Amino acid sequence: MSSSTLQTFPNPRPERDYEIQIQCPEFTSVCPMTGLPDFGEIRITYVPGASCVELKSLKYYMVEFRNTGIFYEQVTNQILDDLVALLQPRRMTVVGDFSVRGGIKTIVKAEYSAGATV
Amino acid sequence: MSSSTLQTFPNPRPERDYEIQIQCPEFTSVCPMTGLPDFGEIRITYVPGASCVELKSLKYYMVEFRNTGIFYEQVTNQILDDLVALLQPRRMTVVGDFSVRGGIKTIVKAEYSAGATV
Amino acid sequence: MSSSTLQTFPNPRPERDYEIQIQCPEFTSVCPMTGLPDFGEIRITYVPGASCVELKSLKYYMVEFRNTGIFYEQVTNQILDDLVALLQPRRMTVVGDFSVRGGIKTIVKAEYSAGATV
Amino acid sequence: MSSSTLQTFPNPRPERDYEIQIQCPEFTSVCPMTGLPDFGEIRITYVPGASCVELKSLKYYMVEFRNTGIFYEQVTNQILDDLVALLQPRRMTVVGDFSVRGGIKTIVKAEYSAGATV
Amino acid sequence: MSSSTLQTFPNPRPERDYEIQIQCPEFTSVCPMTGLPDFGEIRITYVPGASCVELKSLKYYMVEFRNTGIFYEQVTNQILDDLVALLQPRRMTVVGDFSVRGGIKTIVKAEYSAGATV
Amino acid sequence: MSSSTLQTFPNPRPERDYEIQIQCPEFTSVCPMTGLPDFGEIRITYVPGASCVELKSLKYYMVEFRNTGIFYEQVTNQILDDLVALLQPRRMTVVGDFSVRGGIKTIVKAEYSAGATV
Amino acid sequence: MSSSTLQTFPNPRPERDYEIQIQCPEFTSVCPMTGLPDFGEIRITYVPGASCVELKSLKYYMVEFRNTGIFYEQVTNQILDDLVALLQPRRMTVVGDFSVRGGIKTIVKAEYSAGATV
Amino acid sequence: MSSSTLQTFPNPRPERDYEIQIQCPEFTSVCPMTGLPDFGEIRITYVPGASCVELKSLKYYMVEFRNTGIFYEQVTNQILDDLVALLQPRRMTVVGDFSVRGGIKTIVKAEYSAGATV
Amino acid sequence: MSSSTLQTFPNPRPERDYEIQIQCPEFTSVCPMTGLPDFGEIRITYVPGASCVELKSLKYYMVEFRNTGIFYEQVTNQILDDLVALLQPRRMTVVGDFSVRGGIKTIVKAEYSAGATV
Amino acid sequence: MSSSTLQTFPNPRPERDYEIQIQCPEFTSVCPMTGLPDFGEIRITYVPGASCVELKSLKYYMVEFRNTGIFYEQVTNQILDDLVALLQPRRMTVVGDFSVRGGIKTIVKAEYSAGATV
């Protein structure tokens, strides 16, 4: 995925801390071990700073993972990193909620806070 | 929308902090980019001060968005601004829970507290 | 409604703070504007002091609202006031969860705490 | 509504009787009595003949009802009439499932069969 | 109840057999044995003949049962009788789905068909 | 159980075939093998003849099974036999839907029809 | 599995055709290809002839599949064959509803009727 | 009920604070006013000290309430008292979630903490 | 897609008509108009003849649609055609249940019967 | 079970505290008292340190309990101990959610925190 696909628009109400939650239930990537497709839902929650993510560009960004081999833990952290770099939000959480594989289901949750050191 | 559509009635129990939650599942506006209709549910929760919002006038206020082109983030913040200006509540939360577009769902949540500076 | 309908019985375990939750899904009153019936569920949660409310008398108390014209905000606060006066509970919450009217649904929540000043 | 908005594409498998079900949960029109908006879901099920309805044009056709004053029974029958005239399907059912008004919910179901006389 | 409360409007599409389903979840009457309120949902499904029942008048008709003492079996059959006399539908079903009393729930279903002898 | 506990009232509309469904979710009896309690829901559906079963007496009849040792298959058939003997209905179905025992759930359904020979 | 594990008891009401439905949600066997465990729910519905299956023995019969390598289609048909041989029911259906494997879920349904030739 | 029915086994991991939640959905007792059965679910959550409650003995303890006349508030507090005396847990919550009576549902929740004075 | 990916195994019980239902909730293809991904669930129900479809090969067959541009109506009919050609089943139904696009959801159902002429 | 079955891979983002939740709904072991199978779902939530658990090895680890006699409280604590020893996570919770036995359901929850002393 190239984070340059992502586009922003100015936060229409930057003086207020408010929350935007985005659900992408149609996420798919490829397992780097087996080459078989993985499916999941990506959920993004953030308090915008100066800018918000434009939804159509977010959709194209998600589609770029379609034929990419990547693990669940990496996908979730990379989406967080890309969006934090793009938006410099006040805080952000990304959840990757993936389908059952081998009778086991995995959910990964990563968070960013502007005031924290990681 | 004209916030002058909204009407109030006196809070019948102003000496107690209590909470009123209002759900408007039949909200619709127009996407300013495509001109196509958007659909959603607006949820308002507030602790009234001297006055409460009259429900029939709230319904007419919501209907005024029907043919207005406006983004999700703006709708939610404007409804909060209009109701805070009208009611001067002790605190208020407005949630805009919008339908899926392009396989992506968006929920916006904005809050106001009488004691806070924003 | 006459709060004299309500009856009590001694709290069987007054030395312990424990919680009683009562749900009355069959509440109905009359809209004072239109004269048409309103429907809802009243939920009462309290930590009893010296006495508990007797359920059969609570049912008759609820039935007294059946042909009374009263607004949602008033119903919820009056039930809280009547039960606090009757029981002197350590704390109590009353929730009125009312049916959709004009495409809008309303939930009112009022609380009492023995240690607080309102 | 103008049925000329609707467009078709050739049935890719006309030699087989198969069923297409389309759900439009974002339908809205206007009550001709009160001028207030109505909301509902339109469900169309049909066995195509020579042609199928193109979905984007169906969406625009639905949007044309947005500011039209029309009763529930009429909406459902008119959609059936317009689609039957357009597609000449082997059979078709249209269901209009409308929101609660005055505490009452209405569902209208109309059917067409190529072999039947109505 | 007086069936004279009910009003009709002409069936907009009398040449087609189509179905109208009406749900009234806010029905209440009084138990003739105990004088206590009963609650339930009335569901009406019919194929209209020359006329349809007007919904606002149906609501007022339902409200007339509010303080009437009547058994579940009688309510359901009387509503069917009143509506059949009013509308002369091609066929009609009335279901009365009543709340739990004494740990027992009751549903009554009565049907009418224009061609049948009862 | 003594079927003499059961009482009837005259069918208010004997000239029409209509259906009464009764759900008793609070049924309990005793397993004749282990002496431990069994739990279940009894569902009765019937078209009344000259008389209907009175609900309060049906409740007392159900309570008589509380300390009786009886198998699932027998309970269901006995309730059907007792009610058919009492009511002489046009047709009747009794379903016994019992709780999980040893990881296995059992549902028994028995039917009677006035015209059939069993 | 040995069908000799299964035991019967006499049908308490052989002169009536009635239905017994048994759900076993805790079924597990082993995939003969991979050696890994499979999980599922077995649902049995039958009209008993002279005898019924005893539930505790049915549980032990199901447990015998626990370490047996067998395919979904075979399990379902074998359970039907074993129970038909044991009980000679008037009719019987066995459904095997198995967990997702490789993103694919399988349900197998096999039926027996005493009057039919298979 | 005799709390002597209850048996314990040694906590297999006493050096760790961990939580055990037990749900008994098949609870029944008798209303001391009417003599009619009450039904409910008892939920127990505790952090064990030196010992855990043995589940089969807990089942027999629950069965002892079957023909005992006792109020909801008393049942819940007595079960908490009996289990605290037996187990001396680090903390424990007992919830009694009882069926609808007269259209009203009741839930009672009582808590114990080893460090607290009640 | 190449139907040569699909493999079969002999029906273990060919003398009995029984039903196999297979659900593939992780189907994705590409819209030939927009190039954007489509998502859906494919459900296959069939009565096998001499052979059954091997599930792992079915999964690989489904994956071949991942980067193929194809319409909903074509996908569903092609899967039916490929599986009928492969298995010569006694009867088969394929349902394609696709995600919402532009606020509209589509379900396509195609059937084959060995005795019928299409 | 041998914890040597478990394998790890390096945490791809060790400088961030993020959470991994794993659900294993297909857990089964054997009751040491009766020898009969137990069923349940194991849920693991952890913040990884230097390494993450590899899912395929976790599956094999879970399968090792299949024919092991072990109590609910022991299973849950042992899985926590084995995974903490393997992964040295920053914190971890293991929940064992087991099927109903004798009408009673049990859920065990054990937690570990790197900074705490147990």
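The chains carry the letters A, B, C, D, E, F, G, H, I and J, assigned in the order they are written, with residues numbered from 1 in each.
Criterion: a contact is a pair of C-beta atoms (placed from the backbone, for glycine too) under 8 Å apart; a residue touches a chain by one contact, two chains touch by 3 or more.
Treat the numbers as computed from the prediction; the structure is a model and nothing was measured.
Where the sister copies subunit B and subunit C meet, the same residue numbers recur on both sides for under half of the interface positions. For B-C, the equivalent interface within D-E, F-J or C-D is the one where over half of the contact pairs agree by residue number, namely D-E. Subunit B and subunit G have centres, each the mean of its CA atoms, that are 56 Å apart. One finds 32 Å separating the Cα centroids of subunit C and subunit E. Averaged Cα coordinates give subunit E a centre that lies 46 Å from the centre of subunit H.
Residue positions 26, 39, 59, 99, 103 of subunit I each touch two or more of the other chains.
In this structure, the chains touch in the following pairs: A-B, A-G, A-I, A-J, B-C, B-D, B-I, C-D, C-E, C-H, D-E, D-I, E-F, E-H, F-G, F-H, F-J, G-I, G-J, H-J. Looking at the complex, you find that subunit F touches subunit E at residues 11-13, 15-26, 52, 55-56, 58-59. Residues 71, 73-74, 76-77, 101-111, 118 of subunit E are the ones touching subunit F in the complex. Contact residues on subunit A toward subunit I in their complex (touch as defined above): 26, 28, 36-37, 39, 59, 63, 66-67, 99.
Residues 39, 99-100, 103 of subunit I are the ones touching subunit B in the complex.
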